Every structure is written in C-alpha cells, then in structure tokens.
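Here it is, the structure in full.
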Amino acid sequence: MTKIIVPIGPQHPLLKEPVSFQLTVEGEHVTESAMRLGYVHRGIERLCQERTYVQNIHLLERICGICSHVHTTTFCQGVEALLGVKLPSRALYLRALLCELERIHSHLLWLGVLALNIGFDTIFMYAWHDREVVLDIMEDLSGGRVSHAVNIVGGVRFDLTDDRRVTLLRQLNGLEEQVRILLGVVEHEQTLQARTRNVGRLSLEQIRRYCVVGPVARASGLDVDLRRDMPRPPYDGLTFQVPVRQEGDVWARTLVRMLETVESVHLCRQMLDLLPPGPVSTRVSRRVPAGEVVSRTEAPRGEVVYYIRSDGSDKPARVKVRTPTLTNLITLPSQLENVNMADVSVVLSGVDLCIACADR
Amino acid sequence: MGFSLRSIVYLLPQVWRVLRAGPLTVQFPFAPPELQEGYRGQVVVDAARCRGCSLCVRDCPAFALELEREGREEYRLIYHPDRCAYCGQCELSCQFGAIRLSNTFTRATADRDTLTRVLVDRRPSPPPLDE
Amino acid sequence: MLFKLLIFPGFLFLLLCAFVFDWVDRRMLARFQGRVGPPWYQPVADFIKLPTKEDTLPQGVNATVAAALPMLALAAVLTASVYVPVAGVVSASFEGDLIVVLFLLSLPALTYFLAGWISVGVYSILGGHRSLLQYFSYEVPFLMAVAGPAVLSGSWSIASIVAYQAQTTWGAVMQPLGFVLAVVGLIGKLKRDPLDIPKAKSEVVSGSLTEFSGRKLALWRLSMNMQTVVGIFLLVNLFFGESRFFDVLPAFPVFGLKALSILLLLATASAIYARLRIDQLADLGWRILAPLALLQILANVGIGG
Amino acid sequence: MNRLLRQLHLFEEIFSAFQAAFPDDPLTVQAMPIDETFVTLAPEHIHEACEILVERFDFYHLSTITGLDTGAAVELFYHFWNAYGITLRTALPYTALRIATLTDFIPGAAFYERELYTMLGVVFEGHVNLQPLLQPDDWDGSHPLRKT
C-alpha cells in the first residue's frame, strides 16, 4: 500500500492549540510520527527575569489558559518559602479551594474535548455546561473566569462571606450530581468505550522511564499524587482518595480524571466546612532575599515544577517552569506507533494536550 | 466488557431530561451575557482620590497604565485598554482606593485609536469638558 | 405531470423539505444537547451564503469532473425522488421501481468517493477511501433490510408495498428488526453522526469535500440534504405505509408526521452515540447487521410465503 | 515528624553512596525549603550520580533539568523526585559546555536536554536527536537565555 504523509497541525480541527504532527500513514494505519513544538513559544521564562515578582504573578498566570491558578500558586509558594513567611491558614484554604475548582474545570473541559474528538457532541455540550457552573463560581469568587489573579505573595486577594459559603456548598451538590452522570457515561456508555479502550496504552515501566506525571501516570498504575505524597497545608488535614487504574489506555485516563473530579468536589466541600477564620493575607516585602527554591504542586495534568532563584532584588534571577504537558508529550511517539488513523484523535486527546503550557 | 441493552442507549434518559429542561445557553449577541457579581470588568477611577503616586503604573504587568508627569501636582494618568489584562493589580496596588475594576462588561471594538483614555487629568489647564 | 415533477412531489417540494428537515434536525439535536439551536432561516441562509464564496480548486484537479460530481449526485437523488411516493402521490411508478431507487440512492456514495479520489489533498483521499469502506459495510444490511418489505408484499414496486401495508398493517410492526436495520443503514448512507466516518472532522477534516468550496460545496450540501429527505420518505413508504388506523386524517400531514418521527430517530442516534471507527463499523455491518437482516428476510419469507 | 526523619535517613545514605562513588569530588549538600535537597557535584560525575539515584534509591522521576547562566558559568540542576525532592547541581564552564546525556536510561529527559541545548547551548553528548525544541526552522543558533 502506498504511504502518504498526513499533516496534523499546526492548524487542524483536531487541535485546539498549534502543534504539528507528521503522520506516515499506510491505508488507515499510522506507521511513523514526528512532532514539532514551539508554535506558541512566548519566552515567558526570559520575560520573568525582566519583571518584578508582583508582575510575574500575572505573567505566569498566562502560561496556561486552563490551569492558570496552579501556576501562580506554585510560584507564590516558592517565593513565600524564599521570604520565609508563614501564610494565614485561611489563605491556604482559599488558594487550595480555587485549585480544586480549577481541577474540576480542567477535567470537565478535557472530557468535552475528548468527546468532541470522537464525535460525541452531546457529551461535549454536557461537560462544558457543567464546567460553566464551575467557571461561574470562580468568576464570582475571583473576578475572572480563567485568569483569576487572586494569588499574591503572602496570601490571596479574595475572601468568602458565610452566606456565599452556604450557596457555594449548594452549588457544589448540584455539580456533583452532574459529574456523576458524566462518570456514569464514561463507565457504561458502549460507543465511548469502543473508541477509547485499548487505545494509546502505556505500561507502568514506560510511564516510569518517560517520567510521566498526573492522570496519565495514574491511569497506568503509578500511584503518585503530590497533594498526598508531599503533604502541605491544607491537604494534610483533608481526606481524599487518589484514583489509580491499571489499564493504561485512554479509557482508564478518562475514568481516572472523572473520579478525580468527584474527589475534587468532595475536597472543596471539606475545605468549605473546615475554612478557618482569620486574615487572608500578610504583608511581605517586595524584595526577596537571595536564594533558590524548587516548588512543586499537583496541577490538573500532573506535577508542576518551578525553580526560582532570587538575587536579592525585586526581580527574580531565573524562573524555570516545567509544565506537566511537556513530560506527557514525550510519550506520544510510542503511543502513536501502529494505531489506526481514527485513533490518533483519541490518543492526542488522551494525554490532555496543553501546548501553550509545553511551549511557555 | 459489560454489554447490556442499557449500555447501548445509556444516554437516552439523560437526553430526554435535558430536552424537557429546555436550553441552557443564551443567544449572546442578542441577549445580555450572564455576569457574576464578582466579575472584574471595566476600569473606573475616582479622580478625586488619585494622588499621582504611580504605584499602579509600577505594578501593572501589562503596561496598560501610563503617568505623564509635568510637575508635582500636574500629571495625567493614561489608560490603554488594548493592553489591559483586567487582572486588577492596579486596584490592589492603589493605596487610596482610587482605581477600581467595576462589574461592567466591556465589549470588543474594532477601532484601536479610540481606546486610549485619560483617567485622571491634573494638568494646569485641562481642556474644556464639552469638547 | 410537469407539475408533479417540478412542484409537488418534485423538485420544489423536495427543496423545501431539504431546508425544513435540515433545520428541524439541527434544532432537535441542539435541544438534546441543551442548546437553543439555529433560527428557521439558517439552512436557507447557509445555502445562499455558500455560492457567494470564492470557488477554488487545488492545482491538478480536473475542474470539469469536480463540477460534474456534485451535479451527478444531485441528479441521482432527484431522479430517485421521482419514484418515491409522497403521501400516495407519485410522479412515476412501475413494477421494480424500488430497485431503481436503491441503485440511484447509492450513486451519491460513489460520487463522494470519486470526489475524494480526484482531489489531491491527503484528507480528501483518506475520506474517499473511508467512504468506500463504509459503503461496503452498510450497503448490504441496508439493501437486505429494505428488501424485507418487498419480500413480504411480493412486489418490487413501492406503491404496491404501500398498498400491501394498507391491507395489513405497518411494515415496522410486522418487521421491527428490519426497520431498525434500515434506519442504521440510512444513517450510514447519509454519513450522519455516529457513522460520519468519511467526514470525521477531528480525523480527516472534512473528508472528500475538504477541497470543495463555493457553489460546488453548496451543491454537495444540497444533494446531501435532499438525500436525507428521499431516504426518509422511502423508509416511511416501506415501513409506515398508509394504514387503516389513520384513515380519518388527511394523508399529507400524517405522512409528514411519520417522516419527522424518523428524523427524530436519526437525531436521537446522533445525540447519544460517539462516532465509530471504520473497522468497528465493518464489524458491526458484517457480523451483526447482515446476519440479522438475513434473519428478517427469512422470517418475511415465512410470513409472506 | 516521621516523614522528616525518614528523609534525613535517606539522604544520609544517598550522600554516603555518592562519597563512596566519587571520593575526589568535594560534595556539598544544602537543605532547601519545601522538602528539597541540593547536592553539588562535578559535571563528569552527574551521569553516574543520576544512575545511582535512579537504580539504587528509586528516584525514578526526573522532574526537569534547569539551566541557568550565572554570568560566570552555566549551572545545571537535575531535579529528581520520589516523595522527596533531590536536586543534583553542577556548573559547566563556558569553555566546555558539554555533559553526558541522561537519555540512555531516562528517555524522558530528551525534551529537557533539547530545550537546554537551544536555550543555553549546552551540548548533551550521546543524545540521539539533539534538535531545537521550541525554536523556529530559521533559528539563527543564538541562545536566548545566555547572558553574553
């Protein structure tokens, strides 16, 4: 059979962000793949060196259009460690609350994208409608739907009244009902399973060698979650499950993400119940003492790592950002080997591409 | 693989439920957008409170604010909405509560030149307002 | 005769139906998904918009063939419509017209494949391949399912099948399995969700039609929409023929109601299923649908014979 | 507290393993905030040290490799993680910006090394595909994160 080269990207209906794949296809069979990154490289690491810490928070928030809050959280956590300040515990709770809301939003968005890519428009609409509930909550709490700009070095910028807390708990109950419907679809719906089972399989050994993080790793049996394994307040005081599956295919990733969404709703509820009183921020100096720090958090897609080095001025000397998508992208060539052309969309959705994150 | 009649038509009951509940979306350009109370929109300024300290200009991450200073008390605070990221940092940086992001939705415009706005004008002879 | 060909149940009526069915379909799907859906004039607006767009073709494509293919598809569908009765009114009819209609309705699939074949884009070629594979998967069960009523009534004329149902009862009641298979086959024929494999957006962009634009694309769209209408009308005639239970109501609204019910079935199917893979469709077609269709025909021989 | 003790214990073991493997290297260890430990090594020992970490102590997860131009040298940081973070740091002089690749036993390091190669000009010896990662096709070969 003749070989043809099918370009996927930089612009293609399958991709939501520019990245390029060159697939060598025989009939309907993909034999080889090559990937090209860098279409949305904005040089954020370099820009960080030329802005103050205050400005950097807003810059780093724009690395990702989905998990923006977790980036600023990681950055602030690192800078606060350099400064040696201890945050009021209410601030930590509110920060984590928004992180968990963001996880729900990210996973629902991802489910919608997967559904769209396998031609399941209804689930796409449902998932994105439920995500809209989360976005509305976040907009009300922080002022922005995606870019919240609530983190400051030394705390957060928003507070929660008691009335709002009660309505929020009610909204979360409704949300859980909706998420459970979607979870049921993932568990039982026949055509969705037909498309996602046994596709893009990664073994535990591959996962470990490729240093894969997040739901992709957990779907292959790697039991790792920084919220649990590096317990920091407030997560050390909360109870939650880390869903792990052994199958390692796209279906397992879907299930893991949906189960995580349910867990996140539980976490939000716990945090609202345990929300301690007190101030939401402390005053800190604009200059950060010289030093270096590695800050890690569990983003919706996995571990986010920031390396921050300060030279004592109000601008960082180096900010290194490692986003989870970059690690997961490395696995794509081995996942794309010997798959059906129709499964390419499933495989690419399965790793939860966030090219803006990977390119920075 | 669990194969049952229910798994073949799993979504049917849900689809009927949604059908009965009616549409959930709004027709945006024809209907107003749904805004939350905490929404951070248009930048407004209380000119009387502004002291021209330029703290907001220093902290603005998008370089959307500009202070043209002609003397100690003579200055203009200029705002470029085309650069603004609506992050609200200026609101936080302002020590006098002069600048605020209001709960108003700002629509997109095709005309960039009309965007630049003078928020505070403290020049010796400000031009007449009716012009 | 000319009135029948051009106005009712001919071209103009079909055009109107194509727009109405397109709108109803989109609206129903939107409501299933919790959306508002397009206003009633949207299909017309779409159809007017497309011819005003620039009509381009990639280099190396035979312009005559590219222009002829959508017209051929449209002509085949229109010719088929001549033999399909609408509420008992039919332009032409003879013993064996069902076979002609089935043949004419499979012509668009061939033109669709050729459209991909002559095109130079990779997506078009992939889409063309897929449409042919899909054709082999759905066509046999569809033909067998549609042959069921003919076997039952002992005639290959659509009018006699309708008349036979008037004496007994709806074909869908006598052969429910055959009806379900025919609907599945129709979905495959119309390349609708969940069997829109040849034009799956996330995989092959727009399949065979990726390189088409302007007037040609408008013609393609029109032929697809008309195919939907003719296919649904055919199923109504074969499986929901005139029944004595509805004799009290005028024939035309009843016919419309039946056609829209089948459209509702199609819309529901697109709402509740994900797109299948081409090998899964071949599996479904040959391992499940074809044997079931054979079973139905055997049962029909038993009843009718 | 238990966690902290385990951490101390583990790092003592790692440190003595390093000392045994590289007797001539003046190793330094720093405890950093947020559960992180920095170990400074000579560049030629990095590959073996990483192998010890991965094979003997099961620090299977290489979080990333950070590169940093201090103005005097190019520093590299290998961030490993397994419940605790450990970072191996080394400094390469401008005259010899070469270091052995980790991709032979950690294929996941491929992208980080490619990025460092383009951003700072560090050559990873043995890397099978040392191509630009983020730069466009007409990249002029300059290194954006270099100070000079």
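Think of it as A, B, C and D in the order they're written, each chain with its own count starting at 1.
As a convention for this text, a residue touches a chain if its C-beta (ideal position, glycine included) is under 8 Å from a C-beta of that chain, and two chains touch if they have at least 3 such contacts.
Everything numeric in this text was worked out from a predicted model, so none of it was measured.
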| Chains touching both chain A and chain B, listed by label | C
| Once you count every C-beta pair in contact for both, which comes out on top, B-C or A-C? | A-C
| query | Counting in whole Å, what is the centre-to-centre distance of chain C and chain D, each centre being its mean C-alpha position? | reply | 62
| field | Distance from chain C to chain A - Cα centre to Cα centre, in angstrom | value | 43
| In whole angstrom, what separates the CA-based centres of chain B and chain C? | 50
| remark: Residue numbers in chain D touching two or more further chains are none
| note | Contacts with two or more other chains occur in chain A at residues 122-123, 126, 129, 189
| said: Quick check: what residues of chain C touch more than one other chain, meaning two or more? | reply: 32-35, 271-273
| Every touching chain pair, please? | A-B, A-C, A-D, B-C
| task | Mind listing the chain C positions that touch chain A in their complex? | result | 29, 32-35, 122-123, 125-126, 129-130, 193-194, 196-197, 200-205, 270-280
| message | Can you tell me which positions in chain A touch chain B when the two form their complex? | response | 51-52, 54-59, 61-62, 122-123, 126, 129, 136, 139-144, 147, 149, 152, 157-158, 181, 184-185, 188-190, 193, 197
| said: Under the definition above, what is the set of chain A residues touching chain C in their complex? | reply: 4-7, 12-14, 25, 27-28, 115-123, 125-126, 129, 189, 191-192, 194-195, 340-345
| query | Which positions of chain C touch chain B when the two form their complex? | reply | 30-37, 268, 271-273
| In their complex, what parts of chain B are in touch with chain C? | 9-12, 15, 18-19, 21-27
